[in-house]
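We just call them A, B, C and D in the order they show up, numbering each chain from 1.
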Amino acid sequence: MSVLSYQEAGCQAVAEEMRRDGRVWALGEDLGRGGVFGQYKGLLEEFGPERIADTPISEATIMGASVGAALAGTRPVVEMRFADFALCAMDEMVNQAAKARFMFGGQARVPLVIRQPSGMWRSSAAQHSQSLEAWYTHIPGLVVAAPYTPADNKGMLKSAIRCDDPVIYIEHKDNWALEGEVPDEDDYLVPLGAARLAREGKDLTLVTWSKMVGVAAQAAELAAAQGIGIEIIDLRTLWPWDQDMVFASLEKTKRLLVVHEAVQVGGFGAEIAATVAEHMAHELIAPIRRLGAPRAPISYAKPLEDLLRITPEKILSTVVSQIGT
Amino acid sequence: MSNNSSHNIDRDRLVDLYRTMRRIRAFEETAEAASLSGQIGGAVHLSIGQEAIAAGVCANLRLSDQITTTHRGHGHCIAKGTDPGAMMLELFGKEGGTCGGKGGSMHIADFEVGMLGANGVVAAGIPIAVGAAHGAKLLGEDRVVVCFFGDGAINRGPFMEGLNWAAIFKLPVLFVCEQNGFASTTHSDAVTAGAGANARAESMGIEAFEIDGNDVAAVDGLVGDLVPRIRAGGGPLFLSARTYRLKGHTSVDPALYRDQDHAADQWRHDPLKRAGEELRRLGLSDDELSAIDSAAEGEMRRVSETADAADHPDLAHAYDDIQDIGAPVWEAGS
Amino acid sequence: MSVLSYQEAGCQAVAEEMRRDGRVWALGEDLGRGGVFGQYKGLLEEFGPERIADTPISEATIMGASVGAALAGTRPVVEMRFADFALCAMDEMVNQAAKARFMFGGQARVPLVIRQPSGMWRSSAAQHSQSLEAWYTHIPGLVVAAPYTPADNKGMLKSAIRCDDPVIYIEHKDNWALEGEVPDEDDYLVPLGAARLAREGKDLTLVTWSKMVGVAAQAAELAAAQGIGIEIIDLRTLWPWDQDMVFASLEKTKRLLVVHEAVQVGGFGAEIAATVAEHMAHELIAPIRRLGAPRAPISYAKPLEDLLRITPEKILSTVVSQIGT
Amino acid sequence: MSNNSSHNIDRDRLVDLYRTMRRIRAFEETAEAASLSGQIGGAVHLSIGQEAIAAGVCANLRLSDQITTTHRGHGHCIAKGTDPGAMMLELFGKEGGTCGGKGGSMHIADFEVGMLGANGVVAAGIPIAVGAAHGAKLLGEDRVVVCFFGDGAINRGPFMEGLNWAAIFKLPVLFVCEQNGFASTTHSDAVTAGAGANARAESMGIEAFEIDGNDVAAVDGLVGDLVPRIRAGGGPLFLSARTYRLKGHTSVDPALYRDQDHAADQWRHDPLKRAGEELRRLGLSDDELSAIDSAAEGEMRRVSETADAADHPDLAHAYDDIQDIGAPVWEAGS
């Protein structure tokens, strides 16, 4: 175990997988200088400019060429820089990467990791702050991962690189500096599709992912002070999501709150809430609640931006209202 | 650079090229009939009139070389070596099709022969071809990737991005632009600024060639010069092939937006007719030519009959090959 | 009233609005020949090539230029040809069209109608058959409409053209030939945001939109034969959606089924189901159910394609299971 | 076409251009300081070193003409007539900012002066500018639209699509490519194939010009020739302006990836220094020059102090201007 930042853990994952498998390479803008967030720091020096490839500002072709390179037998790690810019590569991601294996009747595989730094950071406004993970859960062919801890960022990124299907890999921009214990082993893999029980609690199951796991943990502390036990499930992978763990937790707590930073309307919280409503409504003793952002573009000005953030206090007051009913 | 002079070609090679073209033509005519009869459900984009490009280009490729193509890609597949039987099964949406019936005409692929897929999205195959070449370079394989696309595709961003990418990474790609005059019902010229595809390629520092795409010997000859240059590591090259879409955009399009006299007149330049005349000049008898023709037509008739009689795909495999984790599970009776 | 097809009704709407307002124009590929589905038939002859503009195959710029033209004071009707190709214009739609008004602090408006022929038609495979309306409901700044009847296609398209915000306008490809009574008046407007009670019933509220309204009606006939009354709400506008009508209906029926052609996971049905679960769970007497497509790319082969379709029979058996419980 | 010779310019006009440049420089330096002190929260992309392009181009525009710009657009806004006070309020995220604090540096817009918006997405402003010109043409207005973008943007598809579009519809657009050598930390040359932006424009049939973008008189002179041609209906033109990004990509980027000697040397070509020297040659005294400088610096100091002291936007307007129907409703205490 070493204490690493989220960013360093991701770096380590890429480096280990590149050492292990000569077909793995990374491409995107500015990678040669370590990437915008330092998440490729030092890799050029070890692996050279062919495998840590600087690209032009051509998101559509960064993605499309990665599909071709994957079909040709390599395993690209594709850097989209900001999740917002992935919108420039949507045909390539959704119509090509996600569907090629199926459309071609299984003749080919598209092993890709599509890294999308996401979420509100600081005063970045409407085109640099979005959380669009829900979109990808709606697209057959895609795996969607959104790790929170540094250890998971190592273990899940490694699993994503080894996965033979395209993985949308969401890293929250506020997480880069987050530190935590990370296993040193280069075979440390965290399986895709398995959630993590981040905190035990008896009164309410809070399902969340990415940066919101940390915010939820703060809320749980506040709740504990009031004698309320929040169980936090860090979903980690959004598709496929770990229904078993969520359902098992709900058997115990009988109350569900889903929290995400993304816009609430049409967010992935709706899928979780709907699924639980379909299958477990009769077991719940409080109305299901979702907590996401208002359906508003993200503002630049700090107080307006902050208005859109999920805070421990907002979570707590929602929890209290659920327990109260 | 322009190269329009007919190439010196030996008879046997021209016979082979002619046979490939005739097989494509027969395949397309059979598919057209099956589409009009309702045996084929999906859209069928015929390459009738454009066979010389497919035949002339692919005759210069190795099995390990790769291609990507478009919605109008049957000819490229056949020329690259895909089994027309599997292709027709695919068009019929039947078991045994190239993609098990999951793709249809616009998504035919045959990775065994280096056919990396047709595409239903205009220009989308361009970055994919470029990426396949990027992959080959990274893996140290000496393959060449040919990227076929239409004159309508050069107005989409990924075309330009793909050219820039291939040039800066010096990738082994041959871009082949099939200039058939149309993008669906639109005259390509009306929506294309400047001097056209080659000027755009040259602006990226990519050497570009133009050729009469209905002259199969010329295409063959020129591509025979270009492919080794690419394989030797010289970077991408670009070829514009002038041709004409003798049919409508799809099998059911009467193409009334064309000048009908002009369209009818284009049959004079039918690449099959021209190659046939050349073969006769080179001494092939009418009987020898008809033997090739009827062999091709017989082959495609059988292929179509087989496809018609074949089974639909087994529903139990409906959800195979979506993704390893998180795919739906098929249940009988669902 | 005249009997018009859905396609003709749309044509009439565009023609009337172009006559009424010289700033309205339409652009897209092949519009001069009436568009791929004939939905612009005859318009070139009346309005000329400047206002019925043929474009190159440049979806990103069809959309981006429309944003600019809207900012400059015109009112473009943007034809995306197939909803699938709108993926080539996603940055322009989501980062530009949807956000410009807000990011610029209300200085400018972006009056656009973005027509997206959607859905499974016949043997069109994975890149020509998608239903992605859920995505747009998740994006602040966008209105999302999906009319079913020819009359609504007239009245809602006119409202969309008059709307000062960008409207994603979803027309199902299977609807073009559908005929129905359409008011002749050129001031026939159907307001965006209001659902339509398509059928009354006492036992279950079925919320749906677009082509599925017709399929649901067939299911309701089958159910009626078994003595089950299905109330069908044709949502018509997905954002904002008519919660009042849905909630009022549920007060009566106390059972909810949401049906859509799109993939169920992450579909807009999840939003409706989640919202109802949050607000009305205690009033419902049966579990909420959703019926959408499996999370699979759309196959070409007829039986495989059909497997993904929602049929009256599938709806009926779901309804029966809900009534039974 | 190349135009590098210094232009004959009268003194008063050069004084005006110098003043514009100095105001931009002072704005940028003030913004830089406010960014480093934490008064400005978001990313700030400084146009220090590139002021001559903004000043020289916009001096030839009417109020009714329009522009679009990029993440690095402060200079263009000021040159087009946007109030620096409102801009600085916007950068500080305060009430009274150009966008009410909702946009920040990368989304400044000022429709009253024809400033149609900066953009956080590289190249996204290009189709928007082209569309604004399309709109002007449809409405019969005789405005010209100028589209500013960087040398990194020419590798994105919308750049090429936008050029093609402007050319086929013969739209009144002046494309201005600011060649500052970098795209973020990447040397633009390393990822750009071929002869560059002008070759690409010319391949679309768009006449393209190149100029020393640090010579404000030259830019002014050339653009003074080009804008009337465009306004007369001649269709789009293209201008590449060579310059240098004297600072890092953002205010906090030390830009260590540059050759430090080379970078330091570039200050010799600082457009302000050059214009100042020219003005002195034309007889302006040191005092007159410093008066301009200190007026600009004083203006921007006040602007920054005002922004610092200003109120945050009123939360009650947080959800204004999203959409007329279906927007969230703000509730006090939420």
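By our rule, a contact is a pair of C-beta atoms (placed from the backbone, for glycine too) under 8 Å apart; a residue touches a chain by one contact, two chains touch by 3 or more.
What you see is a predicted model; the values in this text were computed from it and never measured.
C-beta contact counts were set side by side for B-C and A-B; A-B has more. Chain centre most remote from that of chain C: D (centre = mean of CA atoms). One inter-chain figure worth recording: chain B and chain C are separated by 36 Å, centre to centre, where each centre is the mean of the chain's CA atoms. Centre-to-centre spacing of chain A and chain C amounts to 30 Å, using the average Cα coordinate of each chain. Distance between chain centres (mean CA atoms), chain A to chain B: 40 Å.
Remark: chain B and chain D have CA centroids separated by 45 Å (rounded to whole angstrom). Each of residues 97, 99-103, 107, 119-121, 155-158, 161, 164, 168, 190-192, 322, 326-327 in chain D touches at least two other chains.
Those residues of chain A in touch with two or more other chains are numbered 55-56, 58, 60-61, 84-85, 88, 91, 95, 102-103, 125-127, 140-141, 239, 295-297. Within the complex formed with chain B, the residues of chain A that make contact are 23, 25, 50-51, 53, 55-56, 58, 60-61, 63-74, 91-92, 95-96, 100-108, 140-143, 163-165, 192-193, 239-240. If you check the complex, the residues on chain D that touch chain C are 66, 68, 97-103, 107, 109-111, 116-117, 119-121, 124, 126-136, 138-139, 157-158, 161-162, 164-165, 168-169, 320-327.
Every residue of chain A that touches chain C in the complex is listed here, in rising order: 84-85, 87-88, 90-91, 94-95, 98-99, 102-103, 125-127, 132, 134-135, 137-141, 239, 262-263, 265-271, 273-279, 281-282, 284, 287-290, 295-297.
Per the touch definition, chain A reaches chain D in the complex via residues 29-30, 32-33, 36, 54-61, 84-85, 88, 122-128, 294-297, 299-304, 307. The part of chain D that touches chain A in the complex is made up of residues 40-43, 90, 93-94, 97, 99-104, 106-107, 119-123, 152-153, 155-157, 183-186, 190-192, 257, 312-313, 315, 318-319, 322, 326-328, 334.
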